[in-house]
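Chain IDs A, B, C, D, E, F, G and H follow the sequence of writing; residue 1 opens each chain.
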């Protein structure tokens, strides 16, 4: 149930064409549905938070992902993340209409209807190895209605690549910066632009990187003020935050 | 040098009333000034990033803070953070016009001129002990031009207090949520509103809290998507990020 | 040997129908048995601690689990935990009477006789991914004689789901709350009810979650007083603690 | 407002002697009071959770503690913890009726009225250095209405001391075990008794102890099932949990 | 070259039957041999440290282990540790005379000649899961010439089992105590006997155990003085240390 | 009560000159005494473990240390460790006969009577900064009856110093090696001698040393087998372990 | 484009045979090429940093490695690291001219032309298990033009092996020291020679070694001044650093 | 004893003007001197490693520092580091000729004679707070004979400051880069120059910075190959390493 439907229902209550009791029953019926296989989906999440439920595929079976996608798609479109190649194939077999985005480990089903207006977002990443997380962020942002500019492989070891793309970055209103290892890209970029920036540390690296903890720490310790950070490899969270911001932009 | 002055200079270059060489000299002269006592201030930071340099007082002496405040205030106002009570008194003795905000450990000097338009921001905190960090965030946001709503002591152990303030929170466009210990407040709030939210973990707690690391971890691991996080006790960073967002808001 | 048998034996000693020497031999014979394959089982544990030995399957072979289940079942029923799907099938092949609870990774054999009276317990969990640990806790509690109410997927990101179940929770005397990621559920719940609550952090999550350490830390740092905590994913420990409490309840 | 008063008010509403509106106003007036100096106290906490608010003194000034104690004592008695010697003297100067328990770092004011019936609790500690935390737990438990047995210095390095006190421990229904360093006491005790046990790790130790983290880890990893754990040095939390359990005991 | 041979050679030098130059050549020839496949073995280690080189199989291929065993066995016997089941089979195929001790992950070849006199050693372990490490320690100690008493499954959760074996333990001069999880066994035992004790933490456990780090920490923090500790799962190191001690024992 | 007295008492029981009941009373009276100020001392510890109780001064007040020293000295001599300079002066004022060893932070009182025979021990340390811990170990070992050789400042950065002292080290039977920073000394020494060696990491260092954790880790990971380790800065534990070993030495 | 070509181009600009515009286009065309499969290679890296791009194979597919090797080899030779055995076979199938160095996990293609003069480098390692990292360092150094002396298995547990090779080490100008476990080799060596030394910790070890973190910490804490350190297992970084130094050497 | 003196002595031995025995005595007399107050100084260190002993003042008293400076200065000059302001005053009182460098926490005495030729070194730092460590590195490098260029406050948040100084940096042969917080400066610089670079993480920062551990991790994880790292705040180690390199430079 999106907000349009909700307002319509409440208007009908005010107009007296729907009784409060009936409206209450309709509302109560929707919030969340316990469907098959212990899958519970939250149809009201978009109402409360502006963002529909996204299926976190990592801890679900292919069957559970398929059920959740189908149930959520009744609202107009659905998307599952962290679906590895094998699981994606199994989901596709169960839901032939699903679209698999392999490198991003994303499976989508259907297309959402009209979204709130949303300013453009840049997703920038430091190295080739950061691409899967960057692509997850980009796909989720697009699913939520944002135009996305992708800029890859502009790590600080080759500063000229980054400087060459500054104008493109400045054309968008919000930046998602994805970086592993020492994660210096957002620090440098944060000193060059005035846009809100959300940094995503990745688990790329070895040895002292400790599965991304050093990248996370470096981003939180960055001296360029105004950078905010999400969990390691959390492209989804960065995309949701960026879209919430981009929807506020003056048009 | 603010953006108005910059545009004026460039217009004069175009009009031929200032030669490119002279303009270059003016620009080169400004970016940063090495003043007394190894203090370097960056007058151009606002031009590049939209936010003027703020003085990080923790690793500076009272003399260095006083010099930096005076130098930066020539642009119209200046603010130093992490200035403890003793140091603040010493700064006040050196710069009698300075204003000391004791609980927030902030010292300000002068008032900036006109700022870009900025939507209102809520600063919410979970416990009494989180107040200093919350107040630092609020003061910095106000210094940068944001109207700020302060809501204190709405931790999840008393959920009714939080629910009672939801409407106030929804009246603003961006939320800064400050929380120590297990830092559950932003998770709960993130499921109730659709605003961009920046969470600030605090070092409040003892034992397993490890100076805020558990609060930081809990915020990054939060399942409510769209929350972004800054360093422990980093009220400044949250304020700068929130203002960058709030300036984008449709009016 | 349960407590009834023990008291009977000691009465017989007092009555002179069993000599102290013979009683000592009977007692000495029982405490623990070294059975095949380096498996040692402790028949007296229930006497000492009120809870029979449970088989920790993770570090045992299917053969060792089968032997231990059979040996312990001579006291009236036995239960093994942390038995993954492959191992469970192998145990079942060796002990056809065993019952496999797959999602909970539990294998049981036989049914214990009468248990001490025990008040009802609620097992509540925050997300779908926490279900296996919650179910382990529920099965162990039931094996020990507790009536169990299961409530799933009431994480704080959808607070209304939790509030809708408060009355059910209040009908029981002890609560086991299972939560991963930032583990905010027990904090919130702890501010709403007056029951003893045992929190179980789970290893659900990624990145900064570090296999459940952040959830564990958040639970220990929680500001709602009176919450106690067990090891990550330790449904067994929570169930044993809850049952020890529930057996004390005024009837 | 305790539960008796609440039930009386609700009965009056049912009887029609108090209007719902007036009742609502009375209830709304009480939940929490913002008193002087940014101190907020929660008068309704006992209603919701069975335990009144306790003042956490560590992050409060002597003035704030004094104000909070006085405000909370209007409900019949109040108690502040983590008040070091200097601060306690300052509180005593402000509130001459306050009683200072120095080694436990506790300050109390007044005596609560009748409490719910509560079974006796044992507080046992492993070493002399653990005494302050053990005493904090004992004082809080007594404040909440529990009879308390104190047993000190029964660490496992002198096992005979512990065995000599087993019968005393078994006379109570709930055990709080306080232990630092390697924290082996609760493990050993957990194999000898059938009571619910809450273990409190302490920050006693040096080197690898890392401020109590090893004691905490050892307690959580303990193989004796049914032990639950609270934060390092958290005597308050253990006492609240123990009292919640002891109130359930069959009389 | 063992010490007897060395003394014989030096005597011959003194007697003039071997020239210093020839002796130097013999000695220089022996110290270490670079054999096939980048395997270097140290024939002189026993001379210098009293203990021959043991092959650490974990980071070696089956071929390298086979070569090292054969080369070292020319001194009278050889032993490889950390050889998993698959690798052990491959070694056995290459060196049919080798003996595989599967649960201890040890492969031995030949039997050393006479060893220095060595007092008996006890290897005690807390749980069934600690058996592989305990057996590694026992086998290495026997290889180095020590009579070994094995005592299994005497964890502190069943204290009576431990007390029942105290007399056996006291009959030996040195104790190796192997324990995982919270590793309370050595603490308890250390308060009951006056023998030197070497504790070996194991990686048994889950969640907060962090691969044995909590057991290690608990052992180092143990309040029973005189316990020394080796690396996690390091049965070899404990055995070597115990044998060095036992060789000193008054006979 | 030392062992001689104990055997005398038991002989008298056997001879019939002391009744079992009287003997039991005498024994029961001794084990531990609760003296003033919550100080409990364990007079039987030497009987059980071969080593008398040593007073751990760090968490005790000067008064408590004074009381404990006096009470324990009735057995023939007493020793307190971790007594900083201020506290030592206060103890000395209370117990004028006490002897203060300032750099080692040790205070002793009286001299123990005859000890079991004990072979000589070497205490070797790597740097000047490790001296306090080395001296603590040496004093405790001497208190327990061991002849001690002290060798200072033989770190591996000046290998020649170490090699120059090898013969001295080989003249003793047990080695305590004290080392901070990267703690390489015991590894090198372990490859050069055949004595049992106990390594003590110290908290000397900065930055990555993390209060001795790196030194501890390096010692546990050392490839020279047979080195055992105690807690950071734990000179007492190393001395007790070394003496237990040295008492076993063939004379 | 190597430096010779660059200088030639700039000379032509000065000579007027190439216009500045054309030169700019040539330079702009080269910096980096986006080739197939999201592979971006940086042809200018050698110009800027003196070292060509090396392919980090760990996070790339065999196809991506093959493409990158071919593209980079157009400058005269290319090298990929962290290519495991399976991936190396796949690369070899795609690029038959490639050479696989299996134990070092390196694949090379073609031979670079003339390099800047470079003094000889020693690569020394402590144990057999450190050989793969040492060989990676040696191969990269040779690829960059350095003559390399390899010295293996000179760990400090067998100090004589190390001392026997000191003269060889002193014949070269820069030392790369590779060591796992407690990593004592570089500390010892640093006290014996006056050469710049780069230490590489390896992930060899178990238990407390924590994947090389203890070795890393020990190297950073080493008291022999002048040792510098790279990431765990980072043979490439050590080689690049050593070559940059060796190219400076006086000839 | 510097190398010139040594060669003179050895020449005299060869010439027969000094007997080998006398020469041996002279050499043996020098290596290290045990002077007053447990201070041991190593006069031969420069002979072995090319760098004289530097006094690490942090763990020494003012008296010990004074003694060590005087003893070492007999070789021509001496320098102590990590001497805080109070201790420096006390040293100055004892050794009036000493020179105190307050911000760098360095005290020097006398001037060394001629040093080996040494190429110039740049010391660059990212923020004002990093200045003390940078100055320590610069002073030590100058003491060892290196010409030093100091460049301050060129952090990546103001990238233009760094780019403006690139030419100055390129004029020297070795770079020491000092950086705290997220330590991005060396990563960026490493992509722009071809000089050997030694990075020094500093303990500047708060919250997640954990006393410099994040800066250290970021530097080790940096993707720009060829950067080597020393311990946190270790300006001395960086200077020694840089000088060892700079002495190799082609002149």
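Please note the rule applied: contacts are C-beta pairs under 8 Å (C-beta built on N, C-alpha and C of every residue); 3 or more make two chains touch, one makes a residue touch a chain.
Only a predicted model underlies this, so the values are computations on that prediction, with no experimental measurement involved.
A.B. asks: Work out which chains are contact partners of both chain C and chain E.
C.D. replies: Joint contacts, listed by label: D.
A.B. asks: Quick one: chain F and chain G, Cα centre-to-centre, how many Å?
C.D. replies: Going by mean C-alpha positions, chain F sits 49 Å from chain G.
A.B. asks: Could you put a whole-Å number on the gap between the CA centroids of chain B and chain H?
C.D. replies: For chain B versus chain H, the centre distance works out to 38 Å.
A.B. asks: How many angstrom lie between the centres of chain D and chain H, each centre taken as the mean Cα position?
C.D. replies: 54
A.B. asks: Where the centres are mean C-alpha positions, what is the separation of chain A from chain D, in Å?
C.D. replies: Distance between chain centres, rounded to whole Å: 44 Å.
A.B. asks: Where does chain D touch two or more other chains at once, residue-wise?
C.D. replies: Touching at least two other chains: 158, 190-192, 207-209, 213, 216, 220-221, 224, 231-232, 234.
A.B. asks: Pairwise, which chains touch?
C.D. replies: Pairwise, the chains that meet the contact rule are A-B, A-C, A-G, A-H, B-C, B-D, B-H, C-D, C-E, D-E, D-F, E-F, E-G, F-G, F-H, G-H.
A.B. asks: Where on chain E does chain D make contact in their complex?
C.D. replies: Per the stated touch rule, the residues are 126-127, 155-159, 181-184, 187-188, 190-192, 205, 207-210, 213-224.
A.B. asks: What does chain D use to touch chain F in their complex?
C.D. replies: 128-129, 131, 152-153, 158, 160-161, 204, 206-209
A.B. asks: Please name which positions on chain C make contact with chain E in the complex.
C.D. replies: 31-32, 38-40, 42, 44-45, 56, 58-60, 64, 201, 203, 211-213, 216, 231-234
A.B. asks: Okay, in this complex, where on chain F does chain E touch?
C.D. replies: Those in contact with chain E are residues 48-51, 54, 119, 173-174, 190-196, 198, 216, 220-221, 224-232, 234, 236-238, 240-241, 244-245, 248-251.
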